[in-house]
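In what follows, structures are represented as structure tokens.
Next, two complexes with chain A in common: one pairs it with chain B, the other with chain C.
Entry: the complex of A and B
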């Protein structure tokens, strides 16, 4: 399937245009305005999902495509780049936003809607899509800022003191992460003379090790802060439990996953060899992230606090997969990355299902405190069942997607000779299972401690359907991935193979630039003021 | 809050600063200037009005239009990018050139984009400035009340 590459701009253009239209009608009467805004958001996320699926199919069948914004020649213009990994992420985030939308429609209160909740959802989507699709390091930073601002508004919308408290921690710690990314981009520009990712990939091979280490380290810290890896995860548990449950679900599916995706993109492209030479460091971070996340979850008193610690714990598994991506093993190079991608998708699905299910309980009962809940299994048998399946999917039981992801990661780490981390991951899985049983037991088992709140304002007559159906769909998806694992694994393997194929990336962005640059090794880029031959050729 | 000098300065300077903003905007494409800086300058002109006449009066005048203005700016920017499709690609710039008394005039989609940026900056900066000024005024009123009470207790 071949597409006109202009369609690559749509994942950013659609949310931007519809979000702007939503702001434009701010001075209309409230009821009318909300009606129009909700319709606009519905159209936009639907269109976005359709475009994302088309892009995914085209990338899977036709290979990577790049497009130059405004048709400026690389490395001067901004490149957007699509391969199967980008397509998977665009589709997943599009799907999650489509599923969270009815939940938000049914449960969001009038005050938050008045303050512009729905247009902000679109700006969040735009930031995430932009970060997925961009092929320019500075542009990536810009989209991270868009994402940060939109998520900050969503986090503090409603303005309760706990939200402001969480929001300030969130924004301060995330700004530090962004600063690291900006520093990394600045150093890349100062030493390699380019910000275009394909161009950086070409020049990185000839750069001295300190430059590689500096850029790699800064990017590791920056994306680690975004993805909530071990020493820099503190913003997540202090903010995720404060906003509306729909927002938490959206964040868990988008924010940390964007950070992880950027790592998947940047490390195999810029310095795949660092994945091997830094393997002990990455494994240590991954192991500590897993262990500390899951141990933190045991100490948490509310549903969403507990689940947000599990987000951190699961991120460790993805880093583990990335760390063995370039290690030779019987399954082939890149198998680790394929499983990390599969695990990321699994995590997006299951975590969103758990947070939506838990959020619905919290909204219905008026509290998320575990020791005040209980006995909901009789009252809400459907919710209890799907929450049970989702919880065991997170723990990694067959026949769910979690089983496939964890088994595969275990096999690839074992066969790469990483015994310690494999052992740690099994141990953490056990703890996750215990924690999930504890969570389910507290919410659904035992005697009811309190009655559900009578809904003060029934926004929609079919509210129960609109809050439960998305969770059911997500759980079914998780089971589907678990049952028909081979096709899903093939898709992930294709994505991983495209992601580690540096030559294809560079070729897709600019074929001429590649050959020029691969022939000429610039001796001391950071000292010479003369333009690089490729730049001259580019002009 | 309604200092006579400030009001005089506002009356004279605000239109001039707005003219400067328009000048900066038009100068923008090839020379220093452009939508962002023009938006900031225009917002600073209206900040002068806030200082002279108080945040409340300014909000009555401009308040309801600020967010729609930012929205309009975003729509203009997105439209400029989409118009580029006509010229061959997303964000491709299209220029129209014509002559007025031997002077070449150029209009194009980058200008529309820049106009959008200017609107967004004005809308957002003023929303922010109005909130800050309101908070500052509320603090000032509280402070005055407190001082009055201290004064009374002294008597």
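Entry: the complex of A and C
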């Protein structure tokens, strides 16, 4: 499929246009304004999803595409770049926003809607899409700020004391992460003389190691802070339980995953050799992230606090996949990244399902405290079943997507010789299972401690549908990925192969570069497609 | 020499910003963050070659931009553009934080950071010795506002009883 490359600007343009329109009509009378805003947001996220799917299909079939905004000569203008990994992320975030929208529509209170909740959703989407699609390091920083600014507002909208409290922590710690990103971009410009990511990739091979380590370290801290990796995750558990449940679900599907995506993008492109030489460091971070996340979850007394610690824990698995992406193993270079992408998609689906399901319980019962809930399985059998499947998908039981993701990650980590981290990940899976059983038991099992705030009447059936249907769809998706695993794995493999193909990235951005300029792998990196000895032996 | 002074200044700003952020009190937090943003902006400024009295214009005789940067006196305009963007962004974020701090101040009547207020009134906590010397904020009478802080920090069911006892 060949498309005019200007379509690459649509994932940013659509949410920006509709969001701005939604904010412009702030002077209209309330009821009318809300109606228009909700329609605008509905159209925008629908259109965004359609565009994202088109882009994904075109990237899968036609390979990576780059476009220079304003048709500037490559390193000078702003580049946007699309490959299968970008397409997957755009589609997933588009899909999640489409599914969270009805939930928000049904449950958001009048005060939050009045303050502009719905347009802000679009700005969050715009920032995420921009961060996915940009091919310029400084532009990435700007989109991160757009994303963060929108998330600040979504987090604190409503202004309850706990939201303000969580908001301050969130804003301060995220701002410091952004500063590290800005500093990394500045140092990249100062040492390499460019901010274009393809151009950086070309020049990084000749840069001395201290420069590489400096930029790599700063980007690791910056993206790690966004993705909630081990030493810099504290903003997440102290803020995610405070906003409206729809916001928490949206954040869990978008924010940390954008940070992880940026790592997937930047490390294999700029310095794939660092993934090997820094492997012990990355593995340590991944292991500690997993263990501390899941242990933290055990101590949590409310649904959403518990689930936010699990977000952190699961991020560790993705970093584990990235860390073995460049290690030779029987499945080929890049298989670790493919599984990390698959696991990321699985995590977006399941985590959002859990947070939406848990959020619905919290809204319905008026509390998220585990020791005050119980016995909901009789009142809400459908919700209980879906939540059960989603919880065990998170723990990694077959036939869900979690099983495929975890099995693959385990396999590739073992065969790369990293058996310590593989053991840790198995142990963490066990703890996750225990934690999920505990969660499900507290909410749905036992005797009911209290009655729902609003008894389910005929008038509320529509609302119940709008809060339950998205979770059902997400759980079905998770089961589908688990059952039809091979096609999904093929898509992830294509995405990973495109992501680690640095020459293709550079070529797509600047076709005028000669073969000599593309000599971008340093001599000590043996990145060939020749099979690993173990692979040959296996045949 | 100029570059060394700039590096020193960036380092001092980073140190001061980090020190202020680690202090109690929200105004210090805001000030510390402002210092940190200044430090990053100055570091960005230093990434362009520091040239004095040269326009950001490449003369026609110069063969390429790279040659211009290396061999002629030429000021790189890009870092300034980056800094300008970063300043605008940090201005927006700082304004947002100030608004948040103001809201918190209105809610609790205290300059203390989240969690610290709870430390002040909960004598069973590790900061107890320090908290004895601190004056309780006026709003400490307002039990409902403080309860959520106790929930936030300790998640102790018994903290409610303790506060009520005091």
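Here is the rule we use: the second predicted complex is superposed on the first by the 505 of 539 C-alpha atoms of A that agree within 3 Å, B and C clash if a C-alpha of one lies under 4 Å from a C-alpha of the other, contacts with A are read in each partner's own complex, and residues count from 1 in each chain.
Note that a residue touches a chain if its C-beta (ideal position, glycine included) is under 8 Å from a C-beta of that chain, and two chains touch if they have at least 3 such contacts.
Note that the coordinates shown come from a computational prediction; the quantities given were computed from them, not determined experimentally.
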Combined model on chain A where chain B meets chain C, clash or fit: fit
Partner chain in contact with A:68 - chain B first, chain C second, else both or neither: first
Chain B versus chain C as contact partner of A:13, first or second or both or neither: first
Residues of chain A touched, compared between chain B and chain C (which is higher): C
Touching partner for A:22 - first (chain B), second (chain C), both, neither: first
Touched partner set for A:152, first chain B, second chain C, both or neither: second
First (chain B), second (chain C), both or neither touched by A:165: second
Contacts of A:189 with chain B and chain C, given as first, second, both or neither: second
Chain B versus chain C - smallest C-alpha distance in the overlay, whole Å: 7
Contacting residues of chain A [partner chain B, same complex]: 6, 9, 13, 16-17, 19-27, 67-71
Contacting residues of chain B [partner chain A, same complex]: 64-65, 67-68, 70-75, 77-78, 81-82, 84-85, 88-93
Residues of chain A defined as touching chain C within the complex: 138, 141-142, 145, 148-149, 152, 156, 159, 161-162, 164-169, 171-172, 175-176, 179, 182-183, 185-187, 189-191, 193, 238, 301
In the complex, chain C residues that touch chain A: 21, 26, 29, 33, 36-37, 40, 43-44, 46-48, 66, 69, 78-79, 82, 85-86, 89-90, 92-93, 96-97, 100-101, 103-104, 107-108, 113-115, 145, 148-149, 151-152, 155
